[in-house]
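Handing you this structure, nothing more for now.
For reference, chains read A, B, C, D, E, F, G, H, I and J in written order, and residue numbers begin at 1 within each chain.
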Amino acid sequence: MSARLALTEKILVNKARLGLNWKQIAAELGTSSPIIYTSALLGQFPLAKEEAARAAHLLQLSDADAALLTTFPVRGEGCVMPPTDPLVYRFYELIQNYGMAWKELINEEFGDGIMSAIDFNMQIEREPNPAGDRVKIGMSGKFLPYKRY
Amino acid sequence: MSARLALTEKILVNKARLGLNWKQIAAELGTSSPIIYTSALLGQFPLAKEEAARAAHLLQLSDADAALLTTFPVRGEGCVMPPTDPLVYRFYELIQNYGMAWKELINEEFGDGIMSAIDFNMQIEREPNPAGDRVKIGMSGKFLPYKRY
Amino acid sequence: MSARLALTEKILVNKARLGLNWKQIAAELGTSSPIIYTSALLGQFPLAKEEAARAAHLLQLSDADAALLTTFPVRGEGCVMPPTDPLVYRFYELIQNYGMAWKELINEEFGDGIMSAIDFNMQIEREPNPAGDRVKIGMSGKFLPYKRY
Amino acid sequence: MSARLALTEKILVNKARLGLNWKQIAAELGTSSPIIYTSALLGQFPLAKEEAARAAHLLQLSDADAALLTTFPVRGEGCVMPPTDPLVYRFYELIQNYGMAWKELINEEFGDGIMSAIDFNMQIEREPNPAGDRVKIGMSGKFLPYKRY
Amino acid sequence: MSARLALTEKILVNKARLGLNWKQIAAELGTSSPIIYTSALLGQFPLAKEEAARAAHLLQLSDADAALLTTFPVRGEGCVMPPTDPLVYRFYELIQNYGMAWKELINEEFGDGIMSAIDFNMQIEREPNPAGDRVKIGMSGKFLPYKRY
Amino acid sequence: MSARLALTEKILVNKARLGLNWKQIAAELGTSSPIIYTSALLGQFPLAKEEAARAAHLLQLSDADAALLTTFPVRGEGCVMPPTDPLVYRFYELIQNYGMAWKELINEEFGDGIMSAIDFNMQIEREPNPAGDRVKIGMSGKFLPYKRY
Amino acid sequence: MSARLALTEKILVNKARLGLNWKQIAAELGTSSPIIYTSALLGQFPLAKEEAARAAHLLQLSDADAALLTTFPVRGEGCVMPPTDPLVYRFYELIQNYGMAWKELINEEFGDGIMSAIDFNMQIEREPNPAGDRVKIGMSGKFLPYKRY
Amino acid sequence: MSARLALTEKILVNKARLGLNWKQIAAELGTSSPIIYTSALLGQFPLAKEEAARAAHLLQLSDADAALLTTFPVRGEGCVMPPTDPLVYRFYELIQNYGMAWKELINEEFGDGIMSAIDFNMQIEREPNPAGDRVKIGMSGKFLPYKRY
Amino acid sequence: MSARLALTEKILVNKARLGLNWKQIAAELGTSSPIIYTSALLGQFPLAKEEAARAAHLLQLSDADAALLTTFPVRGEGCVMPPTDPLVYRFYELIQNYGMAWKELINEEFGDGIMSAIDFNMQIEREPNPAGDRVKIGMSGKFLPYKRY
Amino acid sequence: MSARLALTEKILVNKARLGLNWKQIAAELGTSSPIIYTSALLGQFPLAKEEAARAAHLLQLSDADAALLTTFPVRGEGCVMPPTDPLVYRFYELIQNYGMAWKELINEEFGDGIMSAIDFNMQIEREPNPAGDRVKIGMSGKFLPYKRY
């Protein structure tokens, strides 16, 4: 297990032990979205130095841990593919079932290129519904065209 | 290659040969979303009998092909995982990089359960932007709670 | 593609073209359960000679096809694992999430051994429910104990 | 090994060392089914705070362990696929041999959709039989229809 | 599909169509064991020229097919691993469950080396038993010691 | 590494350190076959309480270890597939080369069904031979017929 | 085999039969780089309508083939990973051996982000060298920074 | 985790804790390229004895660690394939999308052979660009022709 | 199946049908080693134009086939890994069992680098031996040192 | 990590720390080839008791380690396939590119059978060459014919 993955485990255990939740943690760390801060603590984004210091204080981490939180992580570590967890798997299923249609429709609308996963932002919200509340996800990624040369 | 996959190939070739596009095809088939019709023609949704007849007419398919379009397809056929196509891969990458954070935040907000990929709808739109237009995706899936028994 | 898989494809296409359904087909073939006959036509059980003749007649298959239906099939051909189809995948998910608990509880109740998947029968029924009908599945497999020697 | 998997190992070792069985443990933890409690202790369901406290007391776990038992687990961790254990494998074999038939019959009866693995319950019972007792499994999952939009 | 695999499919289809069985076929081909002849026709042993001629006559194969039956086959083609067929899988399961014990006991008895799978012979017999007949398999392989140099 | 796999490692190390062999150990543990006892100590069979106590004494294991030896193991743990060890691999090779022939011959002789790997016993013997001694393996498994319902 | 892959095979066979080379073909098709045109004919870029018409003329393809050349291809089809061909494998090896260092150095120089593989261009040249000519490759990809939101 | 991989982890943690960067480290170690030194510390090149001593001093490693840095590493350890990290994945994507074209063009220019990944050097530079700076990579590998014998 | 693989199949079938052997074929094609010519016909080396013409004549191939034989093949196509054929598998086993030792000894003798598989030649001979003839293989590959830059 | 793999790591670390080389070590252990002793210390051969004692003395191993060195190892542990290390990979590549030709030529010369990897020996030598020294490898394995029964 990499040092960064071990730190993710420590963060999850300490968060449980201390009774914290992600929204609280995000609010303490800074002004970015809870998605950014949760991802960062799970090893998918680097934190700025002061953010890392606050995270270390809140989650009872060492100075070495805080230093590690500021490094550029090896993204994707810690997410098994195909996902075994049903919540995460459903997104994988969406790709299997809709992925080729997304490609056809995005190419038809925008031409040859892709939606960036880097110049990208997203929100997750609760959508109240009498038949059962819904998870509402909004994604926006820059269209990047392939260029001839 | 399954009969349904072979039909998908035939549809793609005929669409190219006939110079059709998905939006036109969808508008001719009925009143559902282009995402539904594109997915259906790619083997991810069954069509109603009249829709299949219209598709067969438009895409120069046989009666047997039209019959096949009304059957319940084996979803997921025809999408290689991990996706080799960059446009489709970016969605896979989003799961690898954000999946565990999505899980943490959805569980924190809704409790133990998942976002349904069945009671689910979505839209893809062009989001004009001076720094380059963006692909905007909206998803909405019913939250399904695990129940104790 | 094996000759038997190609026959399965032919059966599925002809069934669609002829507008048949599995319950009708099963009723015509003999007195076993529709699960047996559907599985058999999908390449998971051999048919008796007369059953195969009736199937060939009903589904417009050749004599060679009928002969093939009476052979011992290579079971498991034609089902991709992990299943890409959401309906089939949910059973796979049940194993991932409950499999180890099933093992613990069956071993605790019966001792060291397994539930047979050979001396086994099952039913699938509709369970009416005001909150949405349910799929009810009943399985019964002989417990086979490991024996010391 | 994730912190939650390590806790599962600790639970299994302590259970063996203390001579406990799952039925006893379930009866002590609360009023849900032994399937729920066994799954939960194996990392497939979160426990309520008091349940976790009782589990920790019974199985000689620490407070941090108890906290971990109340978190939303990454389901599916700890079950190797394909299963190497014969008892668990037989369920996998059932999917390989019957899965496509289940799909055909459920789609034919209910239309386009799936059996939920979330809005789902099950029982495992001993079925006495002179030729050898049988394992009887009952499953019931809500049918979820795909909807057009 | 390789030419040899396609020939295996043709042999299986013709055997079914002609109503032949392996014991008959083996008796017609020559004096070796039915295991040898069945394996050979399934692409796991080369046949002698006259044996191939007899096989071609019996199974209605072409001269080119007969020539192909005399070539050194790429053994192992046509057997999916792990086996999806329950009968074949049980042998795979025996390796998973007993393989390391076989190693320990053979090494303890014979020293450092292996049982040859080349200088090897075997028989399969019916073992009558009032509690249900049994499949009796006898294997004998030369022990090959690793040598120092 | 699971607690049971770690115990297997400890058993192998202590056996080496104490200069024991499997035949001796088996003779001390009870009256079952050395195959059973070797497999059990490698994590493939549970031991009875007294057997586990004797094993713990002989191999210098702790009481917790002895308790673990009496639990129902997750069979198949600890055997990599395909096997990297040549001795174990040869059995895997036998399946690849002969598996489909075994299926054809057993189905032809017994009908539709399998050889049980549960109601199963086996022996390994030295077969003296002037050209080099041979490993002789005898297996006997109950034939289990598929039943119609 | 997808229709596009089959067309790639046809292009390679016709190119060989007609004695053409990629540089000639590229020069005839238009003003983009030979890398673009070679990739396009191998199914990795769409061609403009007139380019496709010229390619069809040159390589003796049908009108339907020409239409297919103008569609948005499923990139990555037709390249096995890991590559079995030594020339292609060496690039794979470079990633295995240098990939993590590239990441460290690019992140250190540019911050958190990636080199685009879409807004990307490259050249391949012969670098004369008395000790043996060298393959010189130049790549340039836009740096895309991850953005906070 | 191998001893060398564990040392890589230690190096990454100490580098973060000590606030060092790769360019500084490389400048202190010797006169080779930062790519060589970064790769070496990540386990992809051996260091000379004095270089290892300097690295150990700088990164607070033990004498045993320094000795390990001088050994011939098992290259490729520590880089998961396909890469989960987006920065590293983009290079993998380049192979999938361009690899077959590279092969065609290099073979056409140089004949039958490969570009060496051993007699190979490379540079990574920042290419200033008003539309966003670019990552510029130059690679040069000796062409190695296959020879007849 | 690629066009080149299909040609390999045709060559193997025609060779069997025409009763040719590789040594004869090699002698007719030119002056290189039978290893080169056998590999080339199996899709692992390009042939010169006249060699291809002779091969086409000898093996009754078409002009298009001959043209294909002169192209640069995608090496490695047609060899399944791990090899299912016992003869080929034994070489794979040698790597698994000796590969790390080869690395240690070659690095110790030559320094940091590899044995080239491109600037490489080999012979296979029969080594007569009263205890059973032996296969004698000689390989010689240029040592390629990694260079610092 | 198995106990034997952990011992291999310890041996590699101690060898580096103590500044030993394999030729020295081999000369101290006994009269077999350095290939045998290097392989044995890497977990691919058992050592005799006295050899293990000498190895333990030389490499500063414990008595338990020495005992472990005399056991029959699980060969193949510790060599990742496909090999990520370029030196080891080149042998893997040789199989991919030449394996089917080796099979054809050995079968043609010797008949149906294999080259033994057990009754096998080999040498690695430096072959001086003005164009760059070469690695010369000689292998000799007994031909083992398949026998009819």
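As a convention for this text, a residue touches a chain if its C-beta (ideal position, glycine included) is under 8 Å from a C-beta of that chain, and two chains touch if they have at least 3 such contacts.
Please read these numbers as outputs of a predicted model, since none were measured by experiment.
*Asks:* Through what angle, between 0 and 180°, must subunit E be rotated so its C-alpha atoms fit those of subunit I, rounded to a multiple of 5?
*Replies:* About 70 degrees, rounded to the nearest 5.
*Asks:* Since subunit G and subunit I are copies that touch, is their contact same (over half of the numbers shared) or different (under half)?
*Replies:* Since fewer than half of the residue numbers are used by both chains, the interface counts as different.
*Asks:* Quick one: report the Å distance separating subunit C from subunit H, using the average Cα coordinate of each chain.
*Replies:* For subunit C versus subunit H, the centre distance works out to 52 Å.
*Asks:* Whole-Å distance, subunit G centre to subunit H centre, using C-alpha means?
*Replies:* Whole-Å distance between the two chain centres: 23.
*Asks:* Taking each chain's centre as the mean of its CA atoms, how far is subunit A from subunit G in angstrom?
*Replies:* 31
*Asks:* Rounded to a whole Å, what is the gap between the Cα centroids of subunit F and subunit H?
*Replies:* 45
*Asks:* Using the touch definition from the top, which residues of subunit C touch two or more other chains?
*Replies:* 1, 74-76, 79, 82-86, 93, 96-97, 100, 103-104, 107, 113-114, 116-118, 144
*Asks:* Could you list each pair of chains that touch, in label order?
*Replies:* The complete list of chain pairs in contact reads A-B, A-C, A-D, A-G, A-H, B-C, B-D, B-G, B-H, C-D, C-E, C-F, D-E, D-F, E-F, E-I, E-J, F-I, F-J, G-H, G-I, G-J, H-I, H-J, I-J.
*Asks:* Where on subunit H is subunit G touching in the complex?
*Replies:* These residues of subunit H touch subunit G: 21-23, 34-35, 38-39, 42, 44, 75-76, 78-79, 81-83, 85-88, 90-110, 113-117, 120, 122, 124, 126-127, 129, 131-144.
*Asks:* Which residues of subunit G touch subunit B in their complex?
*Replies:* 1-3, 63-64, 67-68, 70-71, 74-77, 79, 117-118
*Asks:* Okay, in this complex, where on subunit I does subunit H touch?
*Replies:* Those in contact with subunit H are residues 32-33, 36, 45-46, 72, 74, 100, 103-104, 107, 112-114, 116, 118-119, 121, 144-149.
*Asks:* Touching subunit D in the complex: which residues of subunit E?
*Replies:* 82, 84, 86, 89, 93, 96-97
*Asks:* In the complex of these two chains, what residues of subunit D are touching subunit F?
*Replies:* Residue positions touching the partner: 1, 9, 12-13, 16-17, 19, 83-86.
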